[in-house]
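Heads up, the next two complexes both have chain A, just with different partners, chain B and then chain C.
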Partner chain A sequence: MSSLSLPASGLAGQRAMAVIEARRMARHPVFLLGVTLGFVVLGLYFVLVDDETGVPVVLTLPILGAFYIGLTTVIAAALLTRSTEVAIEAVATAPGTEARRTLALAAAGIPPFVAGVVFSAALVVAATVIGVAPQEWWFGTLPDWQVWSIVLMCPVACLDGALLGVLTGRWLRFRGASAIVVVALIAVTLLGQAPLLDTHGSEWRLWVPWALFHTGDNPDGTQTLIAGNPAAYLGYLLALGALAVLAAMWHDRSARTPRFRALVAAVALVALAFFALAVTTGNPDNRISDPIPSRVTR
Partner chain B sequence: MARLWYLRRGVAWPPVLGCCGAALITALLVVRWPDSAGVLVPGVLACCAGAAAFVYDEAALPVVAVTPRGAGWRRRLRLGVTLVPLSVWALVVTLRPGDVPLDRPGWWLLGDATLLLVTGSAALASRRRVSTPGALLAPVVAVAVIAPVTLSGMFMWGTLYPIGDFPGAVRTVWLVVAATATVVCAAGLLPDGSSVRTWALRFAGLSALVSPSSVHFKERV
Partner chain C sequence: MNGATSTVALTDVGKRYGRTVALAGVDLTFDRGVTGLLGPNGAGKTTLLRIVATSIAADSGEVRLLGRDPHASHADVTAVRRQLGYLPQELGYPSDMTAFGFIEYVAVLKEWNDRERRSREVRRVLEAVGLADRASVRISRLSGGQRRRVGLAQALIGDPQLVVLDEPTTGLDPAQRADLRRTLSALGHRSTVLLSTHQTEDVAALCERVVVLADGAVRFDGAVTDLVATAVGRVWLADEPGEDALVSWRTGTGRHHVVGGRPPPGADPTEPTLEDAYLLTLGSDAQRAHASS
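Moving on to the complex of A and B:
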């Protein structure tokens, strides 16, 4: 009911709507379940996976946050978006357009983003306190900006999960759409990069929405850092998220003004530019670390 | 005839069949990329489980629940629809797409246990007057089914989806899931107005404690 008393237009009204959507996401049980599972699994990893050298394969761990928080956020955001459709006739008479409501829904990405930042901070703090092997791909063996870029992929993936959920909720009306989107996302992410990881063209995997930069321990105790520029890839992920919001707003026919079309084209170009940068700069080839004796399995 | 008529019109066939179709498409991906079967075959299961989650979706639940046949009849009948995603799963495991060495009895067990658990959960939700449990259950189940894949590479306790041999410990885990699923299904199919406790007491031969005549018994005492 509070949304009906909002100002008809302007930044204040938009901000108030955004705060409401962010609060709805922060209280959504599916999102809370995902956050809880993500942190529990991370905690279990630190407790159970012991190694005399410290925390193993730290740079693979952001995937836990991206999976548990990011994927559940896709579901929660899609449900939040669809929930307003139940009262579409009442909502349609309220001030503001569907595009404005969609833009406000994008603020539902704030809680997952914050959860992802806390997850990454916990990861860095734990790795600093417990320690890592000197040969491990981490601060010291990699430039700091590369480590931070890979670690920050987690909160960006969580944010993008919410934006993808909004896009799903706006365009896909059939029941079970978010279930299909989740499975499709996993299949595309896997099949888009798995065949390329061990090849000379491994940097071309970077078009997928979650690219691996670290493959974990190899049987001979070494670790592989996959080619590409993680900082530019981070920019590419952010541009994909912006495109998801714009594509969701595109659902409102009245929003498709020439200015809006130009904005969509500009963001698409920015995404392509970041992709090109990610592929052509950074590590040109896969890098193999020095072997960690305690991790040799053959 | 009434049963078939109801199933044809009452079940939300588009999402059920849509998820089954997605499962078959994912199985085709396994044919093309058998090396990724460790994630894709659980993906097939996730789609089948998503289909099972929609079996109890009924927009007009408050109306249907008070018809002479009752909600219990409806819930028992709908359980049979689970055979559709179960058949898709059984077909995929039987055909072993991409010649992936799936241990058929083991994978049938884990699929049956998962689908039964999902259907039972949907039945329980339907019993609690949730008219469309699939909208929430299907995506959550899809993530939950694939989640163990992320853990298997990180922890030393192995995988719940073994390609090749099916270890005894994994079989035990899935047997526990199957037993839980049976209990959840039974609870979901209980007639309205009765609880699991009531039925457990009846089963134990203590019906005097729960039947209406027990009131007179108490009065006499």
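Moving on to the complex of A and C:
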């Protein structure tokens, strides 16, 4: 039997371990700090940003949740992963393998995912109650599936943050590794797409782990919706998260069976397929909205 | 019981770390009961225990645990680990976990999947090590001795057939050590318990069998009383330290406890302790061992 094929009792154990890891994440101070910051900043945005036409640039707001919850979750998940390794000799001589412990750690992504869902729901509810300008890229000016896909990038990014943290915790053992990964993630996200946003090839920006679909207000009061298929991009993000878990499990040599290698290859292919779909379908070019008079700055 | 059916059977087992020989041709079998491993620092005790605990593999020789070769297959090592409790010499603890949380985590790894049964088992082992009232306290807030007992508790989950304890009494006060002895002696009736320690009095109080290791080899293997018997007539109380004594020290009464060598003038023979016999067994290594104990 390979170290990854689970008998029925193994599945029950995996579930029990996953529950423990999810609970640990839900109580982790770094994660709780991120959630608090995310919701406070969102609340302040609604209260302080004053626009007669409603909530401005609402489709850019999921980035607040991804930033505050998703990035702090990278650190929290890396710390959780490392914390049980201090007891490695006792833990490693129990029947379960490191790969299974890593798989259970993926459940630490559940609380951030739920926090991201609540964040996105709060965003949609607030925008519905307060209202948005009729020219905004939002329900009515965009197909619903595109709006939902962009809004749901927040919980998926929060989930992926946890999975990236697990990957970091497994492979990078030096102090401050998770902070460096967070900085690198921001750098890659910015530098990987900024030069492409205003070009005809803007859909190629979609390889980055957080692609912008909405520019915010332009100086002439318009807004730009950037090319690509947000639903396929969501699939790409989920596949990247799965790859992060598999790469973390790869740390356990006993897990590297032919079946596991095939699984890694399959998930990598799925990620590539979603990326190709995101680039080639959806909005073929950047789209400019009608101007919103109250947002004209020149 | 012979080697083929013993809980632990080590045949000509060797282990090196670079040029350092940690174990050289060790032949030992262990069965139900408590066995103490004694030896100076670097004698190979921890290496031996780590091999028995499946934490590391031997470089040479044959290791059979519960009738299986633990490194033959994943199924074999898993089967052994299902019946194994291990307290490593240096065990770290997750700072965010409570005593209960950590033990529960290990219990899950040991396949205690049913939540209710698992909780009962965790409470049982915490009770066994006297930490029931500290179950909800974060491990980072426990004293060194209490943490050690948390480590011991995780090794006792599921009443394993094979229990391997590397210096379990480190950091425990006398009352805690007495409690631990009670726990382990009860465990020894149904399990094979191997423990290493620098405390000869723990071995004397608890173990029916003692193995003395030095330089990776077995110097003595037998009953505790047999080891003590080897020192009869070689230990004295004297007014001055023995000139050629193996070791001697001034006791609280002002007289010198002299081990080995010729008796100093006016020396009175005294009943040897296990420590005396252990030092005599080590011979020239005794000074080092005595200094480290």
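Just so we're on the same page, the second predicted complex is superposed on the first by the 289 of 298 C-alpha atoms of A that agree within 3 Å, B and C clash if a C-alpha of one lies under 4 Å from a C-alpha of the other, contacts with A are read in each partner's own complex, and residues count from 1 in each chain.
The rule is short, and it goes like this: contacts are C-beta pairs under 8 Å (C-beta built on N, C-alpha and C of every residue); 3 or more make two chains touch, one makes a residue touch a chain.
What you see is a predicted model, and the numbers here were worked out from it, not measured in a lab.
Participant: When the two structures are overlaid on chain A, which partner does A:A262 contact: first (chain B), second (chain C), both, or neither?
Facilitator: neither
Participant: Mind working out whether A:I20 is in touch with chain B, chain C, both or neither, as first, second, both or neither?
Facilitator: Second partner only, chain C.
Participant: With both complexes superposed on chain A, which partner does A:T72 reach: first (chain B), second (chain C), both or neither?
Facilitator: After superposing on A, A:T72 lies in contact with chain B but is clear of chain C.
Participant: Mind working out whether A:V296 is in touch with chain B, chain C, both or neither, as first, second, both or neither?
Facilitator: A:V296 contacts neither chain B nor chain C.
Participant: Which residues would you name on chain A as touching chain B in one complex and chain C in the other?
Facilitator: none
Participant: Using the touch definition from the top, list the residues of chain A that touch chain B in their complex.
Facilitator: Going by the criterion above, the answer is residues 30, 33-34, 37, 41, 44-45, 48-49, 60, 63-64, 67-68, 71-72, 74-75, 78-79, 82, 174-176, 178-180, 182-184, 186-187, 190-191, 194-195, 216.
Participant: Note which residues of chain B are touching chain A in the complex, please.
Facilitator: Checking each residue of chain B against chain A gives 12, 14-15, 18-19, 22, 26, 29, 33, 35-36, 39-40, 43, 46-47, 50, 53-54, 57, 132, 134-136, 138-143, 146-147, 150-151, 153-156.
Participant: Given the complex with chain A, which residues does chain C contribute to the contact?
Facilitator: Residue list for chain C touching chain A: 50, 53-55, 74-75, 78, 81-82, 84, 86-88, 90-97, 101-102, 104-106, 108-111, 113-115, 118, 151, 154-155.
Participant: Which positions of chain A touch chain C when the two form their complex?
Facilitator: Residues 1-3, 9-10, 12-13, 15-17, 20, 24, 27-28, 80, 83-84, 86-96, 101, 254.
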